[in-house]
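After this come two complexes, each holding subunit A, first together with subunit B and then together with subunit C.
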Partner chain A sequence: MSFVLVQVIVGGLLLGAVYALFSSGLTLVWGMMNIVNFAHGDFVMLGMYAAFVVFTLFGVGPLAGVPFATLLLAALGVVVYFALIRGIMKGPMLAQILGTFGLALLLRYSVFWWFGADFLSLPQNIVGGTFAFWGLRIEAARLLAGVVALVVTLGLHLLLTRTALGSKMLAVAEDATAAQLMGIRPDTMQAIAWAIAAGATGLAGALIATFFYIVPTVGETLGIVAFVTVSLGGFGSVPGALLAGLLIGVIESLSGYLIGAVYKDIVVYALFLSFLWFRPQGLMGKT
Partner chain B sequence: MMRRSIWPALLLVILLGYPFVFSTPFQQRLGALVLLYAIAASSWNIVGGYAGQVSVGHVVYFGCGAYAAMGAYAHFGLSPLVGLPAGIVLAVAISAIVGVPTLRLSGHYFSMATIAVAELIRLVVTNTDYLGAAVGLSGPTVPRNIFDLSFISALPYYYLFLAVLAITLAITWWMTNSRMGFYLRAIRDSERAARSLGAPASRVKLYAFMLSAGLTSVAGALYAMMFGFVDPESGLGILISVKILIMAALGGAGLLFGPLVGAAILVPLEEISNSLLGGKGAGLTFVVYGAIIVLIARFQPGGILTLIKRQLERRAGPQAKDAQAVATGAGHAP
Partner chain C sequence: MKFEHLLGLACAAMIATGLPGMASAEDKVVKIGAVFPMTGNAASAGIHAKYAIEVALDIINNAHPELADLPLAKNAGLAGLGGAKVEVVFADNQGSPATGQNQALRLITEEKVAALTGAYQSGITLTASAIAEKYGIPFVNGESVASNLTERGFKWFFRTTPIATDFVRVYYDFLTDMKAQGAKINNVALVHDNTEYGASVAGTIASGFKDKGLNIIDIGYVSNATDVQSQVLQLKEKNPDVVLMISYTSDAILFAKTMQAQDYKPPLLLADDAGYSDPAFLKAVGKVSQGVFNRSAWSIGPPGSPSAIIADMYKKKSGDEMDDTAGRQMEGFFVLVDAIDRAGSTDPAKIQAALKATELKPNQLMMGYKGVKFDDKGQNSLASAVIIQLQDDGETYLTIWPKTNAVKQPVLPYKGW
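Moving on, here comes the complex of A and B:
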């Protein structure tokens, strides 16, 4: 294998870990409440802008921007749950789709209105320079984003499977009424799920803001990436999202390198459609 | 019988007379745009409202019509009108190809698949030189004869669109009162129950989707004729899908006149905010759009007409129910 190819694959894996992180949030609320958040990609966009604002106002880098974006988005997630999701969860399908779709427009164009449509970016060397391992050149920003995302996604999986909180959330997902009879408040658990899901997008957004272009409509592309990841990994499965996220990162990088940058999105969308058609349950998920 | 037809008749009189009462070019253009979006939203309503399959990719069919109309001129020097039937055929064919696999998917999955199809096609067209790539295709700059349908005044467009809207609504009305309409309502309420009673759910949903796509392509062709060009953003951008969908939902999805009411509210809102705020207003318009959809979804998923209907029924008592039901499209069995 040529050396450039290895470089491309490593780059894809690092970006894929970030995809996995924010897609875990989508798969969590989807699996738990059967709600599809069409605003998910726009949450990531907000995380990017949060990191950007922290930098421009206080001149501090990701060390402050990342926690701030995570907490801000987690708080937003709770607000969205109580103000919107709880009301439309039991409503007709049209209301569910419109509700989160309207939220996506509201967020995207509020940012557009405030910041304009220009491409923004953080200073190039905000995290540090470029490392070289055995001849592989990796930007520090991408390395940081990939490693943090990987660790947090694994942590999220452990939280859901190995802790009392995770079991309670699972119980609510299985049967909210039965869980309530066992003394678990479904409302609290679902609000926590939204805080985690949105917090993950804030974290992911702040991480990729260090090397990605920042623009109000970036959420549209990232949202579709999250849908692809979740449908590939199986609805509700965090390990599935991790595997799928890494896979999509690599496929995207490879097709960008081999066919051309304009076609990488086309490849991802086509992959998504073929998965929805031929294997709607994903790689690892149940139906 | 009198009561049943009085509301549509009144509406028709208002629509016919509008350009005479509001006769400035801006107002006539506004009226034409309301009717144009009402055509698109009414077409969406067939599959999104009556069949309950929320397509967010209808801009694909809109684009078929727009590109076919402009392509007929740009590549063959023909009137854009010649492209219109070609656009319908193309839209119906694509909707069949897309519909067979995606209509099996339920609810959210269908919506997501339609978004992905729309974005995929937009990206492909943006990179296809034959279709003008990112620049798009233009129609005749100077009309050669009346069949180019290129007018400076908005008035001819207004009546053309009104006629097409009337045809679209007539088709919708006919469909809702046919066997197919009953199947669709049954499927929307519970697909499983409808299937178990022998309704051919897959086939009926597909027919509704194809009908809806064909009519949407007409709206796209008319749009391109009026504006004289089409590019990937105006002909295939996801925001067009969103606008169409919001108008139908705001007025009342699954009601005959719901999309018209939604268009009559949102199109003036957008045009006025654009002319007042200029380029900066474009963002603000969609902020307001977003807020409106969130509020509708949260508090009144049936749309404005459902709200009005309920208020009227409460005030007028049960005897007014019949007239209202017909006026809002929830017609009774013949």
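Moving on, here comes the complex of A and C:
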């Protein structure tokens, strides 16, 4: 195996970890509450702008920007749940789709109006440059995002499978009425789920901002991959999203390098569709 | 809706102010129609085009001895028509080829304009100029680069801007000069997206360079990429002498960031305008793109030069820095009015004849063309561009080629960061 190929695979894994990171919030909401959040990409975008604002106002890097973005988005998640989601969940599926889609446009054009259409960027090396091991180059910012992706995935997984809170959230997801009879408040649980999901999304955005450009439409660029990652991983499965993210990252990188970047999306989506043909529930989803 | 009403009022006001002028001194006003996108997606471009033409009108209609080299600037109005003033009727193409065509028709039949200019988007220039052709009215375009516009055998369509075939010449001549200074240029990588712009410009350059004996490495990608690491690694492995970037802003930023992360510096990095000219690109990644070469037909020139004076007028009018597109529009308009002046008449056939006889020298232009002289197809055969380089720690582009326009020496190899 040529040396460049190793670099391509490592790069693909890091890219995949980022995909997994910004998909984790979507997994929670989509997989557990059966809501397709079309505003997901724009939540990521808000996280990126939050990190940017923290940097321009206080001159500090991701150490302050990431917690700020996480808390801000978590709060927004709760607001969105009570103001919008709780209402449209009672409506038909179409209302949910259009409701979150409208939210996406509202967020996007509010940012557009406030920040303008310019491409923004955090300074290079804000996280600390690039490591080189025996000629293998790894960006510190992407490595940080990758490590955080693993931690967040593990944390969310443990939360759902090992804690009382997680059990309650799963119970509400399964059958809200039955859960209510058991003394669980569906509203509270779902608001918490939205806070966690949106918080994870804000965290992802703030980390991605350290190595990506920031623009109001960036959620569109990143959003599609999130949906693919979640459905490949299996709805509601947090570890599945991680695995799917890594897989997509590596396949994209390898096909982009070996066949050509113009064809990489064809390869990824052809594999994705043929996989779903055999296993529609995704990698780790339940049937 | 409200904005459209306002626009309607503004148009009405423009027409109304035009009418009394016509009545009092019919032979003293030359009316020209300008079709631009004043609303819709490209509204920003259209609004800046209007500023550019208004600055040109100021220069034409008032005496500007400080710009004496430019035709029309020295005295007020058009000497060839007894000091007649030029008036422009603006029309909104709304970003639609059909609307652009209707507006061209209205300008010709109702406003009775002597000539037309516009229409920014190549697709709208296509339809609007077809109407001008049908009615036998001269149409001068300064900014649309789709090559088919001058391949239709039109008799009334003239274009001053350089197009992809010119870019081949400019880049080849520039690279040959760099070769004389010790740079290698045999292997050229073309990095381009798959849009109309990226694909067509890359295609023209690839075939042009192959004819000159250069090796081409084609690296295409889908625009708005989430990741370009594999392309940068391809470049790193193939190690071309020259990397030519044909990219919009988002991808240009991503490439600059990824090149730094992968520690890849091509010996010579050349960009084809677009994303690399966007002020947002400089702000985001100018510091890690130091020494990138770029194409432009506009350069501000030394203080006191005609281009510097015009840049200053434009900034006062618009609040923005003069850019390449606004400059090319202004130049196209100057060329049209110069032809009317030499024709000494608003008779379309005489203007057409004067356009065909146009022969402007570089010092008579505000843009970095080698002159203006139309070939049989109506394309400016002397259209050209200059090469600028990102210097001063990645903050400013300075003209470095050709020597006659250069304000600084080119610096090689590519510095990066």
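Note that in this section the second predicted complex is superposed on the first by the 261 of 287 C-alpha atoms of A that agree within 3 Å, B and C clash if a C-alpha of one lies under 4 Å from a C-alpha of the other, contacts with A are read in each partner's own complex, and residues count from 1 in each chain.
Heads up, the rule we're going with is that contacts are C-beta pairs under 8 Å (C-beta built on N, C-alpha and C of every residue); 3 or more make two chains touch, one makes a residue touch a chain.
The structure displayed is predicted, hence computed values, not measured ones.
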Comparison of subunit B and subunit C by subunit A residues contacted: B
First (subunit B), second (subunit C), both or neither touched by A:G256: second
Contacts of A:L107 with subunit B and subunit C, given as first, second, both or neither: first
Touched partner set for A:D265, first subunit B, second subunit C, both or neither: both
Subunit B versus subunit C as contact partner of A:V215, first or second or both or neither: second
First, second, both or neither for A:F119, with subunit B first and subunit C second: second
Subunit A residues contacted in one complex by subunit B, in the other by subunit C: 262, 265
Subunit C to subunit A touching residues, read off their complex: 194, 219-222, 224-231, 233-234, 236-237, 249-250, 253-254, 257, 260-263, 278-281, 283-285, 287-288, 417
Subunit A residues within the subunit C interface of the complex: 4, 7-8, 11, 15, 118-121, 124, 130, 132, 137, 139, 142, 211-213, 215, 221-222, 225, 252-254, 256-257, 260-262, 264-265
In the complex, subunit A residues that touch subunit B: 36, 38, 83-84, 87-88, 91-99, 101-110, 112-113, 117, 220, 224, 227, 231, 262-263, 265-266, 269-270, 272-273, 276-277, 280
Subunit A partner contacts - residues on subunit B that touch it in the complex: 48, 52, 54, 56, 101-102, 105, 107-109, 111-113, 115-117, 119-120, 123-124, 127, 238, 242, 245-246, 249, 253, 280, 283-287, 289-299, 301
